[in-house]
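Please find the structures below.
You will see two complexes here that share chain A, one where it goes with chain B and one where it goes with chain C.
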Partner chain A sequence: MTRQLRSPTTIAFVAVVALLVVLPAIGSSFFVNFIMTRTLILGLAAATIVFLSAYGGMVSLAQLMLFGTAGFMFGNAVLEASPRGLNLGWAPWTAVVFALAVATAIAFLLGALSSRTTGIYFLMLTLVYAVIGYNVFAQVVPISGPSGITRITPPPPITQATHLYYAALLLSIGGYVVLKLVARTPFGLALQGVRDDPVRMASLGFRVPLHRALAFTLAGFIAGVAGLLNVWWNGQIDPASIGISPTLVLLIVAVIGGISHLEGAWLGAFVYVAANSYLRALPFVDRIGITEDRFNTVIGALVLLIMVLSPEGLSGVIQRLSNEGRRRFSRFSSRDGTGRVDTSGDDAGESPVVMIDSSTSPPTEERK
Partner chain B sequence: MSPNAIMSSDREQVLRLRSIVMAFGRLFAVNGVDLDVAKGEHLAILGPNGAGKTTLFNVISGDLTPTRGTVMIKGVDCTSLPSRRRPRFGMARTYQKARSFPGLSVEDNLYLAVVGKRGRHLSLWRSGTDRSWREQARAAAETVWLTEELATPVSDLSHGQKRQLEIGMAVATDPDILLLDEPASGLSRGEREWLIELLSDLGADITLLLIEHDMDVALRVVDRVMVMADGQQIAAGTPSEIEHDPVVLQTYLGTGASA
Partner chain C sequence: MSTAVGQAPQAGDGTADSKRSVVYALPKAVAYAAAAFVVVWVLFIAGDSPAGPAVSNPGRFVVTLLDAITFAGLLFVVASGFTLIFGLMRTVNMAHGSLFLLAAFVAINVQHAMLGKSRNIVADEVGILDWVVPMLVGALVAACVGLILQQLFLRWNQGQELRQALITLAITVIMADQMLNHFGGLALRMTWPGSVTHFIEILGQRYATTRLFMLAVAVLVGALLWLWLNRTRMGLVIRAGVDDETMVRALGINITFVFAVTFFVGAFLAGIGGAMGASFAGAATGSDGDWLLNSLVVVIIGGLGSIKGAVAGSLLYGMVIAFAPAYLPSRYSFYAIILTFVLLAVVLAVRPYGLFGRPA
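Let's turn to the complex of A and B:
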């Protein structure tokens, strides 16, 4: 237990969280309330894609649609006398519960519907969900506008931009920890079994489709939470924001970060948001032909570059560096120890730490 | 149908197959097989590649629903019962090509095998029973000599270790009907000896069905043999009868017995 608490992964996690907690005191308001809040929200949403893919073997394109659904539901439920939406005029926290319940219920239904498909078929089915979702909101005007729901404000204690930053931070940490912990429960282990070999899981006695459906439901709930943060941050939501191209953007965020590491989702979100904000602001950027319309090409090139350098995304790069670092460290420290690097507290990725035993492997290279 | 099948009517029948046919399109992989297996019996299924042995296993374990015929397990008609319901009949199997979960550790693989049978699949908490299941998983690791590798991701195991794990996942559930599909394939001589020892030590009330190419392994651990070719049973009997059966020598071994 104590060893696990002191593992490098935990230390890195605590350090990052500590930095994020004090950030509003040191960072500019733009950086905190724009870049970082947006990063946390997008990261939380992208983390649901990573979760489904890394632990369930399902690449979902429906997460942004669920994210948007929660946003629309909140807007409809909470507003009273706005020119748009249903104007149900409910108490803000009732609206929160309602929005999450709707997103979760839809996720359960859609998850159950697609629970017997995998791979490209699952991907296509979730793309269909995304398209249907977009069309529903675009065409059923009473629940989406006309042309979007505006003037949405966060519920009571969240009155300032920094509050929203902290809310996004808290929920991101919560989402991350929950998804990480779930992976270690019997349910989560079974989900990983389903990812690796559904036929074998069935013959061991598991209900494979049920596991997929429930994982999709959990991911839908968390996507809904991110969707709520998003409408609070944006103050509005319109159907175009859950169209096909934003749907793909969320997938891109997950892929840049590395689709097999949860942490990667936030990393990818940061790179995307930062690139989107700062690259645009570079001087002379329009002189070299990068206009607003062509900006997606820049993002595309960036994605391409990252993928070529590391198919595992940014978290793959970081993992490789940290493995390298640990290997050097273990070579150094193994003189008095057993030389065995303990990987049990590690979230063992594809590339495990190389075990070096200095007593059996003479350090030939070092002698030169 | 099969005059030389040994009917052990005095013992409880755990498995009864009647006229099993499994067709893939126009290919009859299994074509009319009858089989009775009594409790505690150790049966080997021999036959050349493509004889339909694995397909027959898939029918018994529920991975496939037969085109025709019935499968009775412990007196219950299970013909179209999905595979996930069969561990509760005490059935466990291995696959010819090791099918474990490469992304999980050895212990977690064995643990899933235990959980699969015992239930609480959706639990989000670790309970007291959960701890005893972990114990059970570790005990299975010991049985198949993988205690050293408990924390190792399965993707890092050697081929032989994967085979050991495959058997471990089957025995972890404490089965009383064990189906092993070519457990010795790809094992070294030493590992084979280990396997023979393991199989000979199986409790007397465990029913074993063993598909095995290695006659040496098969004939040393079973008390009855069924030989298949082209989806049908071509011979049955005790190991010593089978070893000298001219039909078997002809079709299966392709040696001796020049007819």
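Let's turn to the complex of A and C:
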């Protein structure tokens, strides 16, 4: 364990967290309260996609819908005299519990329903859930309607933008640690077994659909937490924000960072949010076609490039570089020969990469 | 195309104790009960709904049924292209909706150019050729773009389903943005030919013949597709490729060429659907997502890769779309969308891979 505590990954993690903790003291308020808060929120939501994909072999497009559901439910529960919504007028923290409960329950229902499908079928099914979720909020007037719910404020202790930043940071770290730890529990190990060989796991007596459904429920709960942060940050939520193109954006965030690395979710979110905010402000970019309106083309082309060149995304590239460096530096790599499924740190990417493509990923092939 | 297989083996099933069989029999019972309830509701109860029970208002029932079947025709044309591509190549073409919308925009513009005006087009001015030619041009453009996409982005990563799906999703994002740039964000509409734009009387209800025309086009497309798959050598190879691609390759058949042709045809079908959809409901930014969703729902219900499944899925989904607003109690009519979800849930509870599907 000491080896693990001193591993470069842990050190890097602690350094990044320390930097993020002191960030409000050194960064501009726009950078902290807009860029970084948004990054942490989107990253937490995208991390649930990565979790399901990397440990469960399920690429879900329904996470943004669950994210939005929590936001809508919070708005419905907490407001008293809004022009739209149920106006339940509950205490803020009761509303938080209610919103998370609803998001988790819906995640469990959808997870159970899709638990016998995997791979491409699962992707299609969750895309359908996402669009139906959008239509439900757009059409069912009592809970939202097309113009959504406005003037939502965060619950009491969170009164300033910086508080919200720290809340997002705390919950992001919490979500990261929980997802990492869950992957090492007996449940998490069984889930990875299910990912690799469902038939064998079933014949060993594991309840395959149940594992998938529970993983989806956990991911739904965390997506719900991110959704609450989002609605506090935005102050409002409308169905368009959980429509098909934002849904794709969240997947894009996960893909940019690398769909097989949890850390990649936040990295992808940072790249997306920063590009979205700063790229447009650079001089001359409009000459090469990056105007306000054509931003989606750039993002789409970026994802296309990543998927064509390296499906592991940015964190895959970073990992490949660092592996390369380490191999030259020392011949002792992180192999400990105990045969346990090592999901911590360095090797987390291996098997998920196999899932997404097994034939064109040189590092994986070499190390097999 | 592929014949229906028996009960799809369920990769996820665990131990076979008797308790489990009860657990798995339950969804089936619930599904059948739900179907029976829907039939009884529509025929005899339908309290407080816009249409009223079918026994007391048969005209409305027949018209709703016709709405369902004609819309199912359009759904079939679009979804059959999607399922054809998947059946042979295991490629989920998420850009299917984009090809639909591209063909729709092209067809509309060609029609405007042929008529020499883009506003206030009356159906009487539109000859049958003024509709068929734009449709074919639009479909050809979609087919060529589809072929280029396949050759550039999908040919060399055959078999990596998820990667291909994500690549086509990225293409969807790019195409949506570029189409918004070139064709604008306003909803455009194609005009049906004047010779088919009439109203007929069915049991006291007026009914637009354009919908029947749309069904006729869909049936024609379906028939040609069937002939192609079942009566030509190419169709034979495709059907064989669906069952065992490696064996077809081993027999010395150039399946890479067959893949290209299949993708071309699949995109062409999306394009035909696009022109029909543009005449039926108009085309606008966002239609691509809607029609991707429609195709997905149809093939998830019917089973991915099966043409038979596309027919069944289109009919069931068309029924839900047409019947839900007419037969739900008026106060709850905005819950119609949830019924689509219920349909999916019921089908998936009984058959996780769709009615005619089998595990990938």
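In the analysis below, the second predicted complex is superposed on the first by the 317 of 368 C-alpha atoms of A that agree within 3 Å, B and C clash if a C-alpha of one lies under 4 Å from a C-alpha of the other, contacts with A are read in each partner's own complex, and residues count from 1 in each chain.
Rule of thumb we're sticking to: a residue touches a chain if its C-beta (ideal position, glycine included) is under 8 Å from a C-beta of that chain, and two chains touch if they have at least 3 such contacts.
What you are looking at is a predicted structure, and each value in this text was computed from that prediction instead of being measured.
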First, second, both or neither for A:Val199, with chain B first and chain C second: both
Partner chain(s) touched by A:Thr185 [first = chain B, second = chain C, both, neither]: first
Contacts of A:Thr159 with chain B and chain C, given as first, second, both or neither: neither
Touched partner set for A:Thr9, first chain B, second chain C, both or neither: neither
Contacts of A:Val140 with chain B and chain C, given as first, second, both or neither: second
First (chain B), second (chain C), both or neither touched by A:Arg116: second
Contacts of A:Leu214 with chain B and chain C, given as first, second, both or neither: first
Dominant toucher of chain A (residue count), chain B or chain C: C
Common interface positions of chain A, toward chain B and toward chain C: 199, 202, 205-208
Complex interface listing, chain A residues touching chain C: 59, 113-121, 123-125, 127-129, 131-132, 135-136, 139-141, 198-199, 202, 205-209, 212, 243-245, 248, 251-252, 255, 293-297, 299-301, 303-304, 307-308, 311, 355-360
Touch list for chain C against partner chain A, complex: 10-15, 90, 92, 153, 157, 159-163, 165-167, 169-174, 176-178, 180-181, 289, 292-293, 296-297, 299-300, 304, 334-338, 340-341, 344-345, 348-349, 352-353, 360
Touch list for chain A against partner chain B, complex: 182, 185-187, 189-190, 192-193, 195-197, 199-208, 210-211, 214, 343-344, 348, 350, 352
Contact set on chain B toward chain A in their complex: 61-63, 82-88, 93, 95, 99-105, 108-109, 111-113, 115-117, 120-126, 130, 151, 153, 155-156, 169, 173
